[in-house]
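Pasting a structure below so you can have a look.
Naming follows writing order (A, B and C), and every chain is counted from residue 1.
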Amino acid sequence: MIHETAIVSGHAKLGRNVVIGPYTIIHPETIIGDDTEIGSNCEIGYPTPSADGEPLVLGASSLVRSHSVLYQGSTFGAELVTGHRVTIREKTKAGANFQVGTLGDIQGNCVIGDYVRFHSNVHIGQHSWIGNFVWIFPYVVLTNDPHPPSSVMMGVRIEDFAAIATSSVVLPGVTVGAGALVAAQSSVSKNVEPGKVVGGVPAKVLCDTTDISLKDGSDMSAYPWRRHFHRGYPAHVVSEWEKEFN
Amino acid sequence: MIHETAIVSGHAKLGRNVVIGPYTIIHPETIIGDDTEIGSNCEIGYPTPSADGEPLVLGASSLVRSHSVLYQGSTFGAELVTGHRVTIREKTKAGANFQVGTLGDIQGNCVIGDYVRFHSNVHIGQHSWIGNFVWIFPYVVLTNDPHPPSSVMMGVRIEDFAAIATSSVVLPGVTVGAGALVAAQSSVSKNVEPGKVVGGVPAKVLCDTTDISLKDGSDMSAYPWRRHFHRGYPAHVVSEWEKEFN
Amino acid sequence: MIHETAIVSGHAKLGRNVVIGPYTIIHPETIIGDDTEIGSNCEIGYPTPSADGEPLVLGASSLVRSHSVLYQGSTFGAELVTGHRVTIREKTKAGANFQVGTLGDIQGNCVIGDYVRFHSNVHIGQHSWIGNFVWIFPYVVLTNDPHPPSSVMMGVRIEDFAAIATSSVVLPGVTVGAGALVAAQSSVSKNVEPGKVVGGVPAKVLCDTTDISLKDGSDMSAYPWRRHFHRGYPAHVVSEWEKEFN
């Protein structure tokens, strides 16, 4: 299951049934869980002194797509799924079933909860804190430097079930509350209360998320989204959500 | 013409004079037209169950640059040209001489006309519909989900000769009319009439495209752009345009 | 120091102690300085007729990370550092210790001074002019076409010590003056005076950079940033800055 052109360090620890694609490099400080598949042209466990010698740990049943670079020193729960050409630097810790789309760039020293979804091409600055079931859409940037360039780092905080729509920027030190929605192309300079919709440059409060109707012909509200959107979540999670709304 | 390090499935169908670069992988469900060149480090015909078994079809005389990933199940006319690290997913159908720049990310299930130009790093959401001679500039996103995350998909429609300038977002279900111009850094939430210029967050009508003067010392209008900009189009197309304006 | 899987043209000129990673291709028109390291999966000296036969010149003690593509015809001073998947096209000339982050896309025909820093995923249009000690943050685009698409090219000018924050667009022909700051998510349509802060869509003057306090508990101004931020600059440069402010 390891392609003959893959370059796998003898020091790396690979679980059972691990698949390694062509032209992929597995560096020494790498631990890969059972049944995980790494695509072609990747660098896994990429060495950096900033990791203080810690290994990259990939959970079981994960899928890392081609041309991705994962640094040593980060840890992922089971069922990580990446798109192509993802970069994840050191000292990030993500929970179960983290999904990060093509071209995602996670700068390191981040905390990411369970069942988080990043669409393509997000940029997650160092020291970001992201809860569970968060959604982040293409070209969103989570920043950290309040007066660039400087050595001051004020990571952002995105709480459970929040969604940050396409091409928005969250400014340093901002908290986006649970279940809030940031509209596309916004610049979020102030904390967002739970369940609110904000938008604009700079972002202002537009309405409550529950004011947005689902455009599927029903008269349901589109939020909380977990009432109607279940694709890709495990049965025990969906079952909890169904109980919550019945 | 096939590099000795390329991994080419015996099931793939390659035309005459096809060139395959080093470290590139050609998967089984791939049909490549005559005189087409694939650069290094690519994955071509990348397998996905979402393609329902359909192959990737690349037209003749195409050029796919290095590190690109093209999924099975999409079809391109002749003379496709890609930059580096392009991703195109399944079930997209593009016409003749489609050009997509470095880092372009086309999500699949799109319809793209003839002679369309995408500059670097565009993100084209699923179910986008794009006419002929359209231009899309860097960091533009065509979205599709009116209340993310959800299962509702409202693809955008970009009509012939329209141009979407840098870092703009077109919101779900919006139509940008023929020959219209979206200014840079806009968020387009309403349909744009043909021949209008819109800009801002949210985008408002600014003027007619014909109100914009060409900054080349002439007193010509910059639009319709086909009156003065002919680079890269075939002689029979340019000849039509010349007749139109004489 | 040259990996056995690297493909290195006999025509390329490599200095002493050059390291070439696995699966990397070094094309003929390439000159690499002493002690430079090229990561895996790169294409270096990528051929293009637009380079008029000029080679790629990489200075000594440089580091090019994996999956990068550097075209022939550009020249870099010593101590270039790139992230992963960087693209730099032909006829760009950069000074000493240029640092360009992951996914950076430099379109060619640019002039870049000494000690310039680009964070991840910037897009630098052709004919941009960038001074010394400039900072450019993620998803910034420097444009050049005043009425796209056209053949008119009006490159932007970014003067010494200026900083362009995340996701901003600088419109064609604009000059950002020395030490100025462009706030995140801005669209800069007019020249920015030295030392001013601008922001918004379109960008307006917000204040002087010296009005921004450093958020580190001191009562120092955050600008000029060279008073407090020295990481990664050589001792002789920092020593000059220290003299300037004492």
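In this text, contacts are C-beta pairs under 8 Å (C-beta built on N, C-alpha and C of every residue); 3 or more make two chains touch, one makes a residue touch a chain.
Everything numeric here is computed off the predicted structure, so don't read it as measured data.
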*Is it true that over half of the residue numbers where subunit A touches subunit C are used by both copies, so same, or is it different?*
different
_Superposition of subunit A upon subunit B: rotation angle, C-alpha, nearest 5 degrees_ = 120
_Computed distance of Cα centres, subunit C from subunit A, in Å_ = 27
*Please list all residues of subunit A that touch 2 or more other chains.*
5, 23, 41, 67, 85, 103, 121, 139, 167, 185-186, 201
*Would you mind writing out the residues of subunit A in touch with subunit B in their complex?*
5, 22-23, 39-41, 66-67, 83-85, 102-103, 117, 120-121, 135, 137-139, 163, 165-167, 181, 184-186, 200-201, 212, 214-216, 222-223, 225, 228-229, 231
*Hey, which residues of subunit B end up touching subunit A in the complex?*
5, 7, 23, 25, 41, 43, 46, 67, 69, 85, 87, 103, 105, 107, 121, 123, 139, 141, 143, 146-152, 154, 167, 169, 171, 185-187, 201
